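You will see chain A twice below: alongside chain B first, and alongside chain C after that.
Here is the complex of A and B:
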C-alpha cells in the first residue's frame, strides 16, 4: 500500500520528550474504548440491511407461498385453506399461458437487440473521440426518463392511427402496423421502450469493460495482422464475455418482471382487449387488485419466482461452462 | 474531482490516491493502438444514436405544445404555443404539485438513508474484522438476484395491517437500504480507506462509531454521492409498488402520470405535456450531475 510515505518517523533526538508524552496519553485514552464496541459494532452496522431484507424481501416471498395455498381476498382477508387449488385454477387459464408467452417474447425482443446495439455503441464510444463526455452523457439521457413517461411517449409514437412510426411506414410505401392489436407488433413496441431506456446505460457498462482490456492484447493482434473488425470480434467480444453475462443476468431478472411500459400502453392497463401484451406481473396485478383474489395472484407470483430461479440457474450453468471453456483455450 | 483534496486532508494521501485511481479517466488510445481520430462514419453513427436518445423527449414536447386539433392533422416539427395551456390542464386534472412534493420527499429520504446504511455496512464489511463477514457479504450479493418485487401481495397485506397503505412510509421503508448499495460501498471503501488510518484513530481513543463518522464517511464521500444519485433516480422513476400501495389522491409523479393518461386518454397533447413536466426535474438533475452518473456506471462495471 502506498500509505507508508505518509507516516513520517519522528526526528531522532530533538522532540523525543514530547512524542513520548503523547504516546503515553494515547495509550491511556484507548483504555476507555470497551471491548464490546469492537466485537459488536460490525454486526450492528450491517444489521439494517439484513433486518430490512428479512422483513420486506424474504418474509413476503415465503408468505406468498402461504397465501397462495388459501382462498384470500383483498378486502375479506384470509379464507379457507385450499391446498393447490389456486395453482390448478391458474395453470388452467389461457390468460396465464398467454402472459408467460408475452413476457418471454417481450424479454427476448428487448434483451437481444439491446446487448448487440449496446456493444456496438460502446465500441464507437471507445474510439478516440472529440468531446467524449458529451457523447457519453448523450446516450444516457433516456435513463432519467421514468418508464411510465417513456411508455406514454412511445404509446403516441406507435399510435395505430397517425402515429409517427406508421406515418413513416406509409411514407415509404409500406402498410401501417397495428401496434395496439397485433400481438407481436405490440411486443416489439414495448421492447423498443425498454431498449430506449437501457441501451445507453448498458453501452457505458460495456465501454468501461472495453477500456479495461489490456492494450498489449491489441498490439499482439495487430502484429499478427488482424484488422480492426477482426480485432473487434476476436479480441474485444471474447474479452467482454463476463460483462455480457452480467448484463444478460440483470436484464433477465428485471425483464421477466416488466410492468410499467406495458401497463401504460393503453389506458385500460390490462394488456389489450385480448391481453395481447399482458405480462406476468400485469396478470398478478389483475388477479390481485383487479379481481381482488390474493390467493390466485400469489400463485402466479410464486410460479414467476420459480421461472426466474430456473432461468437464473440455467444462466449460471451456461456461464460456468463458457468460463471453463474460455480457460482451456 | 473536487473531493480528492478533501479526502487527502481527511483520510490521508493513500486514500486520495486510491480514490483518484478509481475516478481518474484512463487516458489511452484507440483499440488499435493508434491515436488517430475516428472518421465521419463514427460520428454519423453516434449522431444517430444521440438523435434516438433525445428525439422521443423532443417529440413529447412538440405534441405537448400544440392542441389536439392541430395534432390530429399531423404533428408539426416546430413547437406550438399551447404548452402552458396544456400544462395548466395537467395541473387541474392531477394533483401535480402534491405528486412532485411526494416524489422529492420519497426520493430524497430514500437516497439519504440508503447512503447512510450502505456506508455503515460497507465500512464494516470492508474494514472491520468479524466472524462470518465473508459469508454474510456473499449473502448480500446473492440477494441482488432475488426478485423481491414478487412479494407484493404479502407486503401489501403487511402495509394494510400497519395502516400504512396510502402513506409515503409504505414506499420509503422497503427501500431504506439496498444490497447494491452495501456491495458498492464495500468495494469502494476497501481501496479508498487505508487500514492504518482506522488504527490511528482507534489508538487515539475513538470508538467504532467515531471512527466511522470521522474517517469512514469522509473517505466514502465520492462513492456515496454517486450512490445517492442512482438511488434518487431509481426511486423517482419507480412505479409498480407506489402504484399499488398509494392512493390516487396522494401519488408520486409516475403514479400521477398514469392517472393523467386514464383521465385524458384521447388527448395526447395533455398527456405528453404531463410527461414533459414530470421529466423536467430529472433532466435538471442530469444537466448538473450527468457526468457523475456516467462515471458511476463505468466504475460499477469494472468493479462489479
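Here is the complex of A and C:
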C-alpha cells in the first residue's frame, strides 16, 4: 500500500515536560495510537465498500447458490432439497445452450466493434478540434438515453414490415432483412442498440487515458520519423493498456448480462418465437418469473456467474498479452 | 503477485455485477385468517393498488364522504406488468402490499395456487352479483372467493365496412353478424370469399390472436382438472392448431402479424386486414391505432359461441392490517352502480349482471365505430359466454409456447406446422 510507505514512524519525542501529568498521558497515548492507526486505518477507510459488498454482493451470491439446490417457488418459497438436480435439468435443456450461444453471439457483435470504434473516436477527439467540449459531450448523449427508450426507437427502425431500415433496403431494390426471424440479423440489431449506447461512453474513457499520455513521447516518435498511424499503433495503443483491460472487462460483464435491449426487442420479451435472441439473463427471467421456478433460475444464474468468471480470466490474459506487445513501461 | 491480487479483485467485482438476483422467500403461507373485525368505527387508512385506468378516482372521494372514518390511499401502477411484478415480489416477501390489490384475470391461475395469501371474500350479500363465469374463475375448489370482479372483456368481431363493401360482401352490422354467425369454419369460409376479391387485404390480423379466441372456448385445453398437462395429447388443441394454420398460411387469410408488435400497430394505417376479434377494451386500442381511418364497425357476433378476453378483480391480501375495511370498500367499489360510473369515466366494461341490463350501459354508442351501440352489443356478448376454460398453474407457460409455435409458422416462417408442433412439444416437456 502506497499509503503505508509514506507514513513516517512517529518522530522521536523531544524533551518531555514532566511537570504536567496530562500532557504526559496524552503523549503516551498518542505514542501508541499511530502504530495501529498506521496498520488499520487504511483498511478501515476502504471497509465500507467491502461491508456493503458483503451485504449486496456476497450474500445474494451465496443465497442464490442455496436456492439453486432446492425446488423453490417464487411465491410459495422453499421446497424440498434437491441437490444438483436443477443444474442437471438446466444443462440438459436445448434452450439453455441456445441462450448461451445467443449471449456470446450478441456479446461479440457488440463488444468488439464497440472497443475498436471507441478507440478510433477517442483518437479523433484527442486531435485539436474546434469546439472540443461540444464534440466530447456529443458522444455521450446516447448514454444518457434510457435503454428502454433506445429499444423503442430502434424497434421502430428494425420493424420487419414497417421499419425504416427495411424500407430503405427495399427502396434501393434489396430484399428486406428479417430482423425478428433470422437469428443473426436479430443479434446484429440488438448489438446495434448496445453499441449505440456504450461506444461514446467508452470513447470518453479512452480519451481521458489518451490525454494522460505524456506529449514528449509523441515528440520523440515524431523525431524518429513515425507517422500518425505508426504513432497510434506503437505509442497510443500500448500506453492505453490498463484502460483497454478495464473497458474490455466491463464490456464483457455487461455483454454477458445483456437483458434490456434484447427483452424490449419484441413485446413478448421471451427472445422470439424460436428463441432467436433469448439471452441467458432472459432465460433466468423466464424460469424465475415466467415459470416461477426460482430453483432452476438460480442454477442458471450461477452457471452464468461461472461463465463470466472464466471469460474474465481469459480476457485478462489475452488483453495483457496484446497490450504488452508495444513494450512494457 | 500484484497481478494475481488484482485478478481476484476483478473476479469479485464480476461476482457482484453478475449476480444481483436476490431471492426472497417467505415461509409458506400462514393459516387463513379470514376477515374479522369491526368496520366503520376507528379512523383507518385503506390503501388500494390499481393499474392502468380503473376509473375509481371520483368513487374514492364519494366513499370518503360516505364513510368519514376512512381515508383512501391510491397507488396506481402505469402498466399491469408493473403491478404484477409488484404483487408477486411482495407476496414472496410477505409484506408491503396494499390493503386492496387489483389483479388481472390472467394472473388468477398462479394466485389460486396460494389461497392462503388472500382473504376469502365470499359473502351471501354479493352472491349472484357477477356473471357466473366471472366468479367461477376466482373461486378455489373449496369455494373460497379470492377476488371481486370489476370489468370484463366480452368479445365481438370488429370489421372494416368499407373493405367489405369493396370486396362485394354485405357491410351493415346485422348482415355481417348473420354472415359470421356459426362455427369458426364459417368465419374462415367468409374470409376466403373476402380474400379472393380483396386485392391483397387479409381477413384477420394474426394467427395467434385468432387462436386465442378459439382456444378460450375449450374447457380443458392444456390441463385436466387435476392440473396434469394434456396439451400435447389433446386432439382439440391439435385440431385448432391445424385449423388456424390452414386458414392463416395455406388459405392466406392472415396478415402475418404478431399482436402488439410495431408492425401490427402500423398495419392499422395500411388496410392490412379487414376483421379482428375485439373485446370491449380493444375498441379504444383500435381507435388509437387506426386514427384517421374510416370504416371500422363492430358486429354483434362471435364465431363458435361467446368469448371473454381480459378483465380484472379486486383482492384483499391476508398480509394487510385492515382486511375488514378493505373488504367493505372492495364490495362497494364492485357494486353495479359504482361499476357503471367507472365505465362512464374510463370505459371499463362491467361484469355485474345488473349493470349489464342498466339503461345507462345499453344506450352507449361509439362514434368511431360508425355509431355502433357498443354498450348493447358488448352486453349481449357478455351473456353469450358459456365456457369458463380451466386454467391451471402451467396454463400461461404452455400458452406462450403455443403462441410461439404459431408465430414461427405464421409470422417468422422459420418452420412448417409439423416441425413447429414438434418444438412446441419439446417446450411443453421442459416446463
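FYI, the second predicted complex is superposed on the first by the 263 of 329 C-alpha atoms of A that agree within 3 Å, B and C clash if a C-alpha of one lies under 4 Å from a C-alpha of the other, contacts with A are read in each partner's own complex, and residues count from 1 in each chain.
Note that a residue touches a chain if its C-beta (ideal position, glycine included) is under 8 Å from a C-beta of that chain, and two chains touch if they have at least 3 such contacts.
The shown structure was predicted, so the numbers you read here are calculated from the model rather than taken from an experiment.
By the touch criterion defined above, A:108 lies against neither chain B nor chain C after alignment on the C-alpha atoms of chain A. Of the two partner chains, neither chain B nor chain C is touched by A:184. Once the two complexes are laid over each other on the shared chain, residue contacts for A:116 go to neither chain B nor chain C. Using the contact criterion defined above for the overlaid structures, shared-chain residue A:76 touches chain C, although it does not reach chain B. In the superposition on chain A, contact of A:289 is made with both chain B and chain C. Residue contacts after overlaying the shared chain place A:95 against chain C, while chain B stays out of touching range.
After overlaying the two complexes on the shared chain, residue contacts for A:145 are found with chain B alone; chain C is out of touch. Judged by the touch definition given at the top, the superposed model places A:46 against chain B, while chain C stays out of reach. Taking chain A as the reference, the larger set of touched residues comes from B, when chain B and chain C are compared. Contacts of A:220 after superposition on the shared chain: neither chain B nor chain C is touched.
The contact surfaces that chain B and chain C form on chain A in the two complexes overlap at residues 53, 56-58, 60-61, 63-64, 67, 156, 159, 162, 249, 253, 256-257, 266-267, 284, 288-289, 294, 297-298, 301-302, 304-305, 308, 312. Residue ranges of chain C in contact with chain A, taken from their complex: 3, 7, 10-23, 25-28, 85, 88, 91-92, 110, 113-114, 117, 257-263, 266-267, 270, 394, 396-397, 400, 403-408, 411-415, 423, 426-427, 430-431. Across the complex, chain A meets chain C through its residues 53, 56-58, 60-61, 63-64, 67, 72, 74-78, 93-95, 155-156, 159-163, 178, 180-181, 249, 253-254, 256-257, 266-268, 270, 272-274, 284, 288-292, 294, 297-298, 301-302, 304-305, 308-309, 312-313, 316, 320.
Remark: chain A residues 1-3, 5-7, 26-27, 29-30, 32-33, 37-39, 41-43, 45-46, 48-50, 52-53, 56-61, 63-64, 66-67, 121, 124-130, 133, 135-150, 152-154, 156-157, 159, 162, 164, 167, 196, 200-201, 204-213, 215, 218-219, 222, 228, 231-232, 235-236, 243, 246, 249, 253, 256-257, 259-260, 263-264, 266-267, 269, 281, 284-285, 288-289, 294, 297-298, 301-302, 304-305, 308, 312 touch chain B in the complex.
Residues 12-14, 17-18, 26, 28-33, 35-38, 42-43, 45-46, 49-50, 52-54, 56-57, 59-60, 63, 72, 74-75, 117-118, 120-121, 123-125, 128-130, 133, 136, 140, 143, 145-158, 173-174, 176-179, 182, 194, 196-197, 202-209, 212, 233, 236-237, 239-240, 243-244, 253-254, 257-258, 261-262, 265, 268, 271-272, 274-275, 278-279, 282-283, 285-286, 290-291, 293-294, 297-302, 304 of chain B are the ones touching chain A in the complex.
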